[in-house]
Amino acid sequence: MLLVISFLVYSGLELSPGDAVSHMISPELASTITAEQLDAMREAYGLNQSFLTRYWIWLTSMVQGDMGYSMAGGVAISEIMVKTVPATLELSMVALFFSTILGCSLGVISALKRGSGTDNSLTVAGMAGVSIPEFFFGLVAILLFAIELKWLPVGGRLLPHYETLWDRIPNIVLPSLVLALMMTAGAMRYARSSMLDVLAREFITTARSKGMPEWRVNILHGFRVALTPVVVLIGFRLPLLIGGSTIIEQVYQWPGIGSMFIRSVRASDYPLVMTISLMYVFVVLTASLIIDVLTALIDPRVRLGKE
Amino acid sequence: MKKEILKLRGVKVHFPVQAGVFNRVVGHVLAVDGVDLDIFRGEVLGLAGESGCGKTTLGKAILRLVEPTDGEVKYISLDDNETELTSLEKKDMDPFRKKLQIVFQDPHSSLNPSFTIFGSLQDPLKKFGIKSKEERRKIIGDLLEAVNMRREYMDRYPHEFSGGQRQRIGIVRALCLEPELIVCDEAVSALDVSIQAQVLKLLMQLKKEKNLTYLFITHDLSVTEYLCDRIAVMYLGRIVELCDSEDLYNNTLHPYSEALISAIPVADLDKQTKRIVLEGDVPSPVNPPKGCPFHPRCPKATDICKTEVPTLKKYSTNGNEHYASCHLIDLPEIS
Amino acid sequence: MAKSSLDKKFDQIRKREEEKTFSTKKRSRIVNKFLNNRLAVLGLIIFTIIILASIFAPLLSPYDPMRVDLRSMRQPPSFDHWFGTDSTGRDVFTRVLFGGRVSIFIGLGSAILSAVVGIAVGCYAGYKGGWIDVIALRISEIFMSFPQIILVLLLVSITGQSLFNLMAIFILTGWGGMYRLARARMLSLREEEYVQALRSFGLSTFTICYKHMLPNALSPIMVNITLSTAMFILTEAGLSFLGLGVPLNIPTWGNILNVAQDILILQNYWWMWGPVGIVISVFVLCVNFIGDGLRDSTDPSQQG
Amino acid sequence: MKKLYVVIVAVLAHLMFISSASAQPTNSNQLSDPRVRQALCMAIDMKTIGETLFEDQIIMADSLLPNGPMKSPNLPDYSYNPEKARQLLAEANWDSNRELDMVFYYGDQLTADFMAAIQAYFADVGVKMTYRLLQGDVGAQLNSVPDDGVNGPAAVDYDLGYGARAAIAMQEYYNTFKTGLNPQTPGDPKMDALIEKINSSADPEVLKPAFFEIQEYQMEKVNICPLYYQKLFIYESNKVDRNGGAYGNAQYNYNWGITDWNVSGGTLQTNTGPVEFFEQPWYNLGLWIHNKVVFDRLLVADGALQPVGCSACESYELAADGLSLTFKLKDGLTFHDGNDVTVEDVAWSIRTAMKAPQMHALIGNTVGSIKGADAFKDGSTDDVAGIKYNIADRVITLELTKIDPNILTTFTQFAILPKHLLGDVDPLKFQQSDFWQKPIGSGAFKITEVKMNDFAKFEPFDGYHGGKAGFDIIAYPSYDGDGNLIKNAAAGKMDYGFTKNVADVAALDAMDNMGTKAVDIPYTRMMWIMQYPKP
Amino acid sequence: MEDKNNIALSVRDLKTFFYTNNRCNKAVNGVSFDVEKGKTLCIVGESGCGKSVTAATIMQLLPTLSRIEEGEIKFQKDDKIINIEKLEKNGKEMREIRGSDIAMIFQDPMTALNPVYTVGFQISENLKYHTNLNKKEIREKCISLLNDMGIPLPEKRVDEYPHSYSGGMRQRAMIAMAMACNPKILIADEPTTALDVTIQAQIFELMDKLKKENDTAIILITHDMGVVAELADNVAVMYMGNIVEAGTADDVLRRPTHPYTKALLESVPVLGRGKNQDINPIKGSTPDPYNRPIGCQFAPRCNWQTESCDVMPEITQINETHQVRCHKYEQFFEKYK
């Protein structure tokens, strides 16, 4: 699977105009560089070899655990990854955490109060949450909280002298909240419908027939079962989260994998684009694996490997 | 003289069981595990058994709605031509599809909710050469009247009908190509008792009018007894007993049939008998027990039952042929 | 004991029932249910208004969306310019209307086309199974193992920016979801008895799956189309933020909203981004409402 | 018959409007007709655009060359004149169905608005035009030169291009119009001769008439349409006091007296910090903050980039014939790691610059004119004949094969890099060295902390010959023209920087804590016009 | 009627209406019956007749869009009579009755057990809320209950999840859950419909045993006259929200007095009567609950319909135990005697 994807991405990049060398030359200075110089650079970077050869070289070194070097700066890609991946993970995990908690609880409340004013307003708010373009939302949040009210920083992740975790929290608040709010809406809708689904099931009646208090019926029997599909769906939304973080990273100057990806795509930095794409795929596949494990933990039917 | 319409020889249907990350096949459900059966023209053959015994799968295998894994299904035409159905190409199957039809159990899923009755039914007619729309409408209209429904109903949607009416439309569908054999797959099981009787009567009446043969699949032995000429009892993919319907009740040979009959509650206070309560559940058809598949639950099981698989042998009761597969029958076997 | 609002409603219904004055309008249950969903109806109304306004944009506005009037740049909303003017003096209201044409075309067009592709493949693969299914499944997995925006970015940078390319990319990335949905639906429909009945007549695969089964799979697909319309419109806006969306010479909602990147404009010229921001959000919201309403009304498991 | 008519019209037009340029298309591309090009120039009301879109922050342009002593007083007037434009187009039989394809490479909103304005003005005179932002390999899409430098066809596919040319040396504006070097303009022997002329001397007085002539000739032919001269805007927060330090062309290096600045709070926050690596300083000479503060140069320039004296050198001497230049290095210079700066380092830097591909044209021209450079480049020698040095005396002499009018300017910009750290690097992969993760120079500030992508911290360097600054610098990774500048400035995260975007200026001026200062720079925005036949 | 002390539960003129889709469905429209201690009352009827709603009403387990309109449900709890219909739906008192005094088992044991908890946990919940046993005792009790229900290896099975149980075992587990607190009344809503006949026989055996051992009154809801014949002490036949005939099993099965009861009995083939038995279908089909006939609900399908049937007939007491809701019962009774 990864192999096929890597080949497709590599061929795709081959089709895009220009290569890394031509991107190293800024347009305003481009006319001053001679063709010989460019060819010399191409040779130095091995770009004059045939497409398949380059792919093979890339693939074999990748298999050996050598991610290669970014073309633009010659920095080892593993080093870039070490710097950018934690940033993105930090952002998306915080967002995922908040959105899941918030989304699930609001969704459950909404389902339990089905048809009430609370339910309706939560539904509308949730819908509104997924209907606003996220960069717009992010920018307005910056304007409001960072520039007008000056409560929070405008962006960035690490600052000099900001050593402790506590120092770093203000920086993550805005981007993660914006990202989380966009996610919450989705999680809430899933939680609500899943919960409604479960509440209509017969074992809820069974639980009630045992004379247990409502909270126990709803939470222990209802929510616990509703959780499985919610976890699965949140897992499926993980790619969305990672994708969403790309734009949020841009808005908040968050030095994560997303902004790195955009830069490397623009610079046709093949090795970097390849590695990041594959990493994305890897993350998505890992996520689905984790989801499988999680569902197994939550749902005993899956745990025992039976239907 | 009785003439066969279908001959089943060693029919097996095995479904692969997939599991694990790579969906590897880890075993097979032996849904039907070697069935020999003759169906005679003009008879009603009941196929009875509990859920999971393979009776429905067998019915569908005859029509090749599921592909048999092994074995032969032979169709014998009126002029005694034998055709082996399971080895036919899909398109060569068409002339026989006309002869063999099926009525399903669930009146809710057996009709396409997006089409009117006519819309659902016209495509098969079209396929089998009835080109003009008027003609198709006439055929369907006539059949609707034959099942005591109004001709105009063909332009209504399924949700406008009650369960019993839908089941009758299902019968119309099976009848529209003038088949010779109809497989009734639990055709009345999902109906309320008051409706069930209507449909049963209708089926009997149609059989007489149109000279049909039924393979009547059901779990309800009282219905089988009422309706069928012969009954085959299945257990875990095999036929354990096959005989005239009256003999099954009066001269039961197989202990499973016996238990089954006794377990059926009878709405007659004068006929209450002692229940034979079987222990445990039907074993999984993925790993059927060794020896006689029934032995773990059989109250009469002996050592031989645990090791040797009994075959279907021919006996005679009441002067009729009576087949059963049990080691413990002390009747003389007829060759 | 004071009567709850639910009780009062019950009393009303009962009274109506006993006086036989309940409405007996003959409408399909689905339409009825949809119409009972106030949000969905509201969504449908606003959706229609926005679409009609976009279609009839030239009739609604005396201005040309491309007409530059540098001497009247950045004017606040007035009677002449309902939404004010932008940095080159173009009428924002007109641009929003014309931008809507393109944005809605991209959103709805891509959603419908990707649905067509997804359904065509999904129905067949879902019904027939076999190697076609395996291959289509693998291909869709490849597309779906990328976060969508990442894949779009990658493809945009490969193919270059143009309206056509963008739609093609949206279709390429969007068909997988539809395919899976159609496939899953087909897999469950395949077990329905009417399908088996059709098979027992030996009807062709094409007739069975596209004529008889497809209509029953349409409602979740419709819901999905609305949701992907919303998503594509938002993605288009996101891409123009990254500078990889529709070329700037074509006004789209994303391109118009993009001026908000400039903090100066964001702070001082609200009319240049406010109305279009609201229009995008409201439109997407309406589409979502409609989708939700459709989902509820076509879902037999939920009563209301 | 039709042909005859065309000829007559052409002759008439020739007589009436244009004195020397031939008033008819030279090839199948209608844009090769000078009347069309003139019309396009006259169709754009740059004055209004300047006053509105550009908030009065631009200077009208009448030729490629910026205003100054070299500017010819006799340039033709192509200011806004729609009637004349229409008339010229009519004469040239402009095909009103043709849609011109304008390309540009700036992603900002202002440029997009500018393009929309030009589109509108063109439409007004009956010329259809669409515009698109180039993606991917911009250089190749913009600047590929046709194989046949006279007849084409064009190697790239566009009709008009919006872009800019910045130069320190005035010759740089014209050198690319030589036959076979220009992607849009077909070669012309007269132009070649004029270019030869402006490169023939280092003496401004000698060059002046040559520049007049080439300007006038080019504007007659209108092979580009000058739009405006860009100003550069230096912004500073109220924490910064330059203490008399000069303001100049901040894209390059000049004497700005940073060691004397006062920065309240002791930390100067700025942008243009590194993203993945520090860019080597020979390409974008002064664009990044580290270019300016981490490295030292032999000479120093003033704000207008004229060489004004020594920086790392004790003294220098340019021979009267202009073919030999000698530097003597100051004593006691060290790199930030404590190693001495020697003439060996200078010589190695020059040699490496001959081979390294990403090189500013100014430096490329200078090092290329050193004796033996060609032989060194093609690998036939290991040494450059024209570089002679004595380590002990700290003296280095460069011998040239031809006059380089800008050689002193070059050494105000040419950073001296440490040989002991970079000596083993393949010049072709110069940028790929690990060195650029945390480079070491001999400039006023040393890099002490780098969090790539987040920030880089610079502290004053004790061993700098020009004195020690009293503040640290923190550089964030954002650059000229991105939206983050304004956000960060508004949040008080920006104390110094420069921009060329007038939209930024308006935003910055609106802030209480920020101020901007405009600097005239040689930076011409223009419209390229494709005169080769279509590919 | 018999000694009042013998009555565990008494339902009088109960009406429960449903309000879905903005319509009112009179699902239970005036139902009265008594449940005797230690006896089995079978409520029999076709789908949609209101028999399950009646059960849910007694437990106050109705869905949101429905309510008890009128009537009384009197439950005798330790010499106290409690009016269940007056209790708050999920209030404390109702919860105390549920599961401990009145317990219920459902039609489909596949869906009635929560798939994510062990069977032991689900049984113990009942004990936790209605007894003072500590954890260890609860566990022991669970195991002994499972053992009583005839589940092999209860020590092991108690920690297994429902999906590893077979259908019959699940229903046994359900019964164990219901019997955990020795309820006075066990409501069984079609407990064997989803099961095979051999398993059904096992379950009936078990219920019979429990009834005898614990003196529990059972309300058994079924559509199968055969089940009634086998298990019932008393029978109530329901049609379209009303009880049309009630009495002892003997009364109703041997001397059916209502045309509907009679028709029901005649429409199913009886095992052992062979091919020649006569079955008589009931004409037409069950009416649309939103479009009910006026008067006697069965009239349109009844062979004995007259004009007087346009008025809903009153309940008539034929003898001490046998009652019927029909205008013509006398002729009918005569004719079929």
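As written, the chains take the letters A, B, C, D and E, and residue 1 is the first residue of each chain.
The rule we apply is simple: contacts are C-beta pairs under 8 Å (C-beta built on N, C-alpha and C of every residue); 3 or more make two chains touch, one makes a residue touch a chain.
The structure displayed is predicted, hence computed values, not measured ones.
Path length between subunit A and subunit D in the touching-chain graph (shortest route): 1. Between subunit C and subunit D, the least number of touching-chain steps is 1. Relative to subunit E, the chain whose mean Cα position lies farthest away is D. Across the two interfaces under comparison, A-E and B-E, the one joined by more C-beta contacts turns out to be B-E. Rounded to whole angstrom, the centroid-to-centroid distance between subunit A and subunit B, based on C-alpha atoms, equals 54 Å.
Distance between subunit A and subunit C, defined via averaged C-alpha coordinates, is recorded as 23 Å.
Inter-chain spacing, taken between the CA centroids of subunit B and subunit C, is 48 Å. Centre to centre, using the average C-alpha position, subunit D and subunit E are separated by 92 Å.
Shown for subunit E are the residues in touch with two or more other chains, namely 64. For subunit B, the set of residues that touch two or more other chains is empty.
Listed for subunit D are residues 135-136, 487, 490, each touching two or more other chains.
Per the contact rule defined earlier, chains pair up in contact as A-C, A-D, A-E, B-C, B-E, C-D, C-E.
Residues of subunit B that touch subunit C in their complex: 60, 63, 65, 90-91, 93-94, 97, 100-102, 104-106, 109-115, 120, 123-124, 127-128, 170, 173-174, 177. By the touch criterion stated above, subunit D contacts subunit C in their complex at residues 45, 48-49, 52-53, 107, 109-110, 112-113, 115-117, 119-121, 123, 130-133, 135-136, 483, 486-487, 490, 503, 506-507, 510.
Residues 17, 19-24, 64-65, 67, 69 of subunit E are the ones that touch subunit C when the two sit in their complex.
The part of subunit D that touches subunit A in the complex is made up of residues 105, 134-143, 163-166, 172, 176, 181-183, 275-277, 283-284, 357-361, 364, 426, 428-429, 431-434, 436-437, 449, 451-455, 457, 474, 476-478, 484, 487-488, 490-491, 493.
Of all residues in subunit A, those touching subunit D in their complex are 16-19, 22-33, 37-38, 40-41, 43-45, 69-70, 72-75, 80, 83-84, 87, 142, 146-147, 150, 153-160, 253, 255, 260, 263, 266, 268.
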